[in-house]
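These are the structures, in structure tokens.
Both of the next two complexes hold chain A, though its partner changes from chain B to chain C.
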Partner chain A sequence: MKRVLPVIAALLLLAIPLGVSNQFLLHLGITVLMWTILGLAWNLLGGYAGQVSFGHATFFGIGAYTTMILYLSFRLAPWYGMALGGVLGALFSLPIGLICFRLRGPYFSLATLAVAEIIRLVALNWESLTNGPVGLLITSLPQVTVFGAAINWERKEPFFVIVAVLALCAMLAAYLFTRSRLGSYLTAIREDEDAAEAIGIDTTRSKVTVLALSAFLTGLAGGFYGLYFRYVDPDAVFLISLSVEMVFIAVVGGLRTIAGPVVGAIFLTTIAELFRERFMVGHLIFYGLFMMLVIRFLPEGIWGRALRILTGRR
Partner chain B sequence: MTAAMETLIQSLVNGVLTGSLYAMIGVGLTVIFGVMRIINLAHGEMVMLGMFSAYWSYTLWKIDSFLSAIVWVPLFFLAGMLAYRYLVRAIMPGGELNTLLYTAGMSLLIANVALFAWTGDYRTLNLPYAVEPLHPFGIAVPVPLAIAFGLAALITAALYVFLARTDTGRAVRATSQNPEAAALMGINVERIAMITFGLGTALAAAAGVLLVPSLYLYPTVGEILVVKCFVIVVLGGLGSIPGAIAGGILLGVIESFGAVYVSVAYKDTIGFIMFLLVLLFRPQGLFGAARS
Partner chain C sequence: MRKLLFVSLVFCLSLVVSAPVFAAEGTLKIGAPQPMTGPDAPFGDKFKKAYSLAVEEINAAGGVNGRKIEVIIEDHQAKNALAATVAEKLITQEKVLILTGGRASGQAVEIASVAQRLKTPYLVDHPSADIITAKGFEWVFRNNPTGSIYPQAFNKFISEVPGAMPKSAAVLYDNTVFGKSIANSAMTFLKSRNVKIVNDEAYAVNTLDFKPIMTKVKANNPDFVLMVAVSTTDAILLTRHAKEMGLRPRAFVGFGGGFGVEDFAKQLGGLSENVFSSAAWSGNPNDPTVKKFYATFYKKYGIHPKEHEVEGYAGIYIIADAMKRAKPTGNLAADREAIRQALLKTDMTTVFGKVKFGDWAGPLGDKYTNQNIFSPDHSVLAQWRGGKLLNVWPKANAETNYVFPEPSTK
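Moving on to the complex of A and B:
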């Protein structure tokens, strides 16, 4: 039963576009799933490894720009671009990790913030590559036929399926990660870095590896963002507040759980999107508000607390 | 005076003037860190609120933006104390990362409430007496920046006197050096923490009030300012007040020279790269003595 349940849930998720045709609801679903991937990716580093990054927008932006640039300049289909965006995000994370992981705790967080700002400024000013503040726009996506029918990119259903598959892969990756040796190493590092090093764990290498994994998933989601919105500019994909949103989804949902970012994304993104639909600006009010409430009253996050109540542990 | 010389002096002057205001923001952040070990990510939003307060005083009630500081600075001092007492204090036992995340939430909340209330438009405040720059010794000095510099120097001097000469000021420094020892000497550490948070907030808001005629203002301006502020306090050494002043002026000069001699587009990048280098190789700051 325990093994069948996730499979059923996954199939149900993929079947949603068959039953739901309301485009706004699908858009909401797509946004929630995209943020689920981002929350999961951040949680690998921030939750399991305890390294709070405020710079994940870097990898998101790199993924988004890679997808867009490869499609616009070389007509490379966006799905390959998405995968390459993830890879490039992971490659970028290596030097960033080697520099920032020399620092610990809040100092690491500040360093990632500075790196993200440097990258944002480069994206803003390297006009020959990124088109600067004007951004990049895709007018049409390539023709694709599945089972003899052309995919209609003007509707949300195909995007929903793509992002749902990505989110399921991310969840599977996170699950495998928690059961891996690396996962245990990182738990040890989170609890006591000096002790972990003393028992022979290569702490820097473990942290750089998990950062690369996290950056890969973030870059993938960034690529999807480019594909879905067909428009990127530095202020849309490299902003500090974007990094902060990823942090909040994981923390509000529940650190160090796989369902946590899912719950966080459903909860925060839904409220924010409904508010955005009505008022255009200020939808991040709820992110800030719930972050403060959660840290104050529910440090283990919504899902973390729910799990504790469900399993009856005190 | 040759043209090259003139450019050099001009950018030095600009840098020092802007830097004095950066320094004030940095001092606010660093006193809070020194006493409470809180890295206050909402500090930039305090500057933003200060800017908007002065802006609205001028546009709605025709009160000179500099003059409005007399009202706003004490109000922000009070608001900061209340924020500490009712919002931040309960988080303190959770450790540095929790307070970091909590103040990040506070920052996002304040910025977005402001965005909702005042829209994301870029605004400027043009003071009637600030049209023509002054020209002492052939160097152009914008009037609002010159006034802001004077007031910032005055406020910083007042802060120095407060910290060096008054009992409360000494208690703040003592708590900053060693909270346990300070408590054993009969200092009410909680009260000092509250005063310090108020002080830091008031300094940020004061800098905002002084900056408003010289800078674009919009609700998310705090995001950029808080990152600059980290650069400043890390350059000077976290927790060190003279370090923050030196760091602020240094960053102002670096940015100003960077804009002239490197490129306008990348002037901010130089500051961030220095920030990373200092974090990596001299975490105690450029001027600070090492502290644990």
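Moving on to the complex of A and C:
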């Protein structure tokens, strides 16, 4: 049963576009799944490894820009660009990790914050590459035929399937990660770094590896953002608020859980939408209040608490 | 305490889940994504006021073919992805006939992209990035000038007034789409007239200290100082620090909203005297339509309207005119297409000025589609005189004679 359940859930997810044709609902679904990937990616690093990043927008933006630039300048189809965006995000994370993870304490968090801002300024000013503040806009996507039928990029269904597959892969990766040796290493590091080092774990290397994995997934989601929203400018993809929202999703959903970010993304996206409808101008106040209440009562996150109740652990 | 907080959480949720307010039936719906919260909220509010006034007037005068119009505003918090989301929502859920608004360029590009894909007309009323009407979006129309048109009045001034052509110029601009397109446009024109650009300096919005930049500028002793500022505080500090550092050009010329608001003169006092402002629009207060609009707006809200309010207000009138000619039947897709067709034939005058949409080439070579062909004529050069901003060029719109060169420079 335990093995079948995730498979059924995955199949149901992929079947959603068959049953739901309301484009706006699908749009919300796509947004939720994109945020799920971001929450998952952040959770690997911030939850499992205990390394808090406030600058994940860096990797998100790199992924988005890579996809757009490769498509606009080299006509490389965005799905390849997406993968390359992830790879580039991971490569970019290496120097940050190699430098900052030698230190303990808040240095990594602070460095990520600074790097995100630096990259934003670079994107703003490196006009020959990024088109500066004007940003990059895709007006049409390449023709693709699947089983003899041309994909209609004006509909939401193809995007839903793409992002659902990406999210499922990300969840699988997270699952495998938690069962891997690296996952155990990082748990050890999170609990007591000195002890971990004493038993022979290469702490820097472990942390750098998980950062690269997290950056890869974030870059992938960034690439999807570019493909789906078709417009990227520095203030849309490198903003600090984006990094913070990733943290929120992981924390509200439940740190160190696979399904937590899913729950977090669903909750934050729909709650934000509902609050906006209900309270108009004051909606951000209620959103903030809601966040405070969640953190006060469910410090382990919504899914974290649910899991505890379900499994009967106290 | 725990219980109390928990109850409040539940209460919060139940409030949310209860049914939201629905729009009136049978109205012709216009969707307007605007920033109602977040850093740009004051601008969203300006447009909301402008839209309400126009809607009230049009409905009081019998609506459009006897049907009332309605503007549905959705908050995008100045975030691009959210702008796309609310545009989708307005089109597919609220089933609006046409979109307007947007406020900032980044969000407007997203809205334009969505409108184009979902085949819904979008009338841009304020966002100025050239890219919005330079990508061949046939569903997107723009009444206001593009960024690169802003310097037109200034260009005319230096070309037409004898001896006004600068010998050299320093150009300072904020690091935004708005700042860059205006600066590029101005510099392209100056270079084509062999004017030497001695400083080409971009700064971050809301810079606190311009003295280091001004020191650099002063070393080059420019003949003209051109400043672009989207933010009012930047416009004020640029001018203050330039004058405090002892810059003595023949003219200070400001571009962008910051140089056209009352606060500019209030904060700077005497330092604002004779500073030029080349804007996309600065209404001629002697024009009877403008006068009437100013008076009605002030009576209703107690606020003196400026560029934003005029643009929003005029936009609704353009839409109402197109709707009237399109004669909506209730078939959403057909009505949207009919409104697009009607917009293509728009030929009218609003408080903003003449409007007719067409395809033409911009000052920097952008190929515009459905951009107001009268945009270059809307640009006016004004000058701060005794705390008042008075139009000085072109001659036809002038309220007073220009003071040039700056009397304090020999």
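The criterion applied here is as follows: the second predicted complex is superposed on the first by the 291 of 314 C-alpha atoms of A that agree within 3 Å, B and C clash if a C-alpha of one lies under 4 Å from a C-alpha of the other, contacts with A are read in each partner's own complex, and residues count from 1 in each chain.
In the analysis below, a residue touches a chain if its C-beta (ideal position, glycine included) is under 8 Å from a C-beta of that chain, and two chains touch if they have at least 3 such contacts.
Keep in mind it's a predicted model, so treat the numbers as computed, not measured.
*Asks:* After lining up the shared chain so the two structures overlap, which partner does A:296 touch, if you call chain B first and chain C second: first, second, both or neither?
*Replies:* both
*Asks:* For A:106 in the superposed arrangement: first (chain B), second (chain C), both or neither?
*Replies:* first
*Asks:* Considering only touches as defined above, state whether A:133 meets chain B (first), chain C (second), both or neither.
*Replies:* Second partner only, chain C.
*Asks:* In the superposed arrangement, does A:124 touch chain B (first), chain C (second), both or neither?
*Replies:* both
*Asks:* Using the touch definition from the top, say if A:214 reaches chain B (first), chain C (second), both or neither.
*Replies:* In the superposed model, A:214 contacts neither chain B nor chain C.
*Asks:* Where does A:23 make contact in the superposed view: on chain B (first), on chain C (second), on both, or on neither?
*Replies:* A:23 sits against chain C, while chain B stays out of touch.
*Asks:* For A:231, select first, second, both or neither according to whether it touches chain B, chain C, the two together, or no partner.
*Replies:* second
*Asks:* For A:284, decide between first (touching chain B), second (touching chain C), both and neither.
*Replies:* Once the two structures are laid over each other on A, A:284 reaches both partners.
*Asks:* Need the overlap of the two footprints on chain A, from chain B and from chain C, as residue ranges.
*Replies:* After superposing on chain A, chain A residues 124-125, 241, 281, 283-284, 289-290, 296 contact both chain B and chain C.
*Asks:* If we count contacts the way the header does, which residues on chain A are in touch with chain C in the complex?
*Replies:* 22-24, 27-28, 31, 124-125, 132-135, 137, 139, 154, 225, 229-231, 233, 235-236, 241, 271, 274-278, 280-281, 283-284, 286, 289-290, 293-294, 296-297
*Asks:* Looking at the complex, which residues from chain C come into contact with chain A?
*Replies:* For this pair, the touching residues of chain C are 2, 5-6, 8-9, 12, 15-18, 20, 36-38, 41, 74-75, 77, 79-81, 84-85, 88-89, 92-93, 106, 109-110, 113, 116-118, 129-131, 135-137, 175-177, 179-181, 202.
*Asks:* Could you list, by residue number, the parts of chain B that touch chain A in their complex?
*Replies:* Touch residues, chain B against chain A: 39, 87, 90-91, 94, 96-98, 100-102, 104-113, 115-117, 119-120, 220, 223, 227, 230-231, 234, 263, 265-266, 268-269, 272-273, 275-276, 279-280, 283.
*Asks:* Taking the touch rule as given, give the residues of chain A at its contact with chain B in the complex, in rising order.
*Replies:* 50, 52, 54, 99, 102-103, 105-107, 109-111, 113-115, 117-118, 121-122, 124-125, 239-241, 244, 247-248, 251, 279, 281-285, 287-292, 295-296, 299
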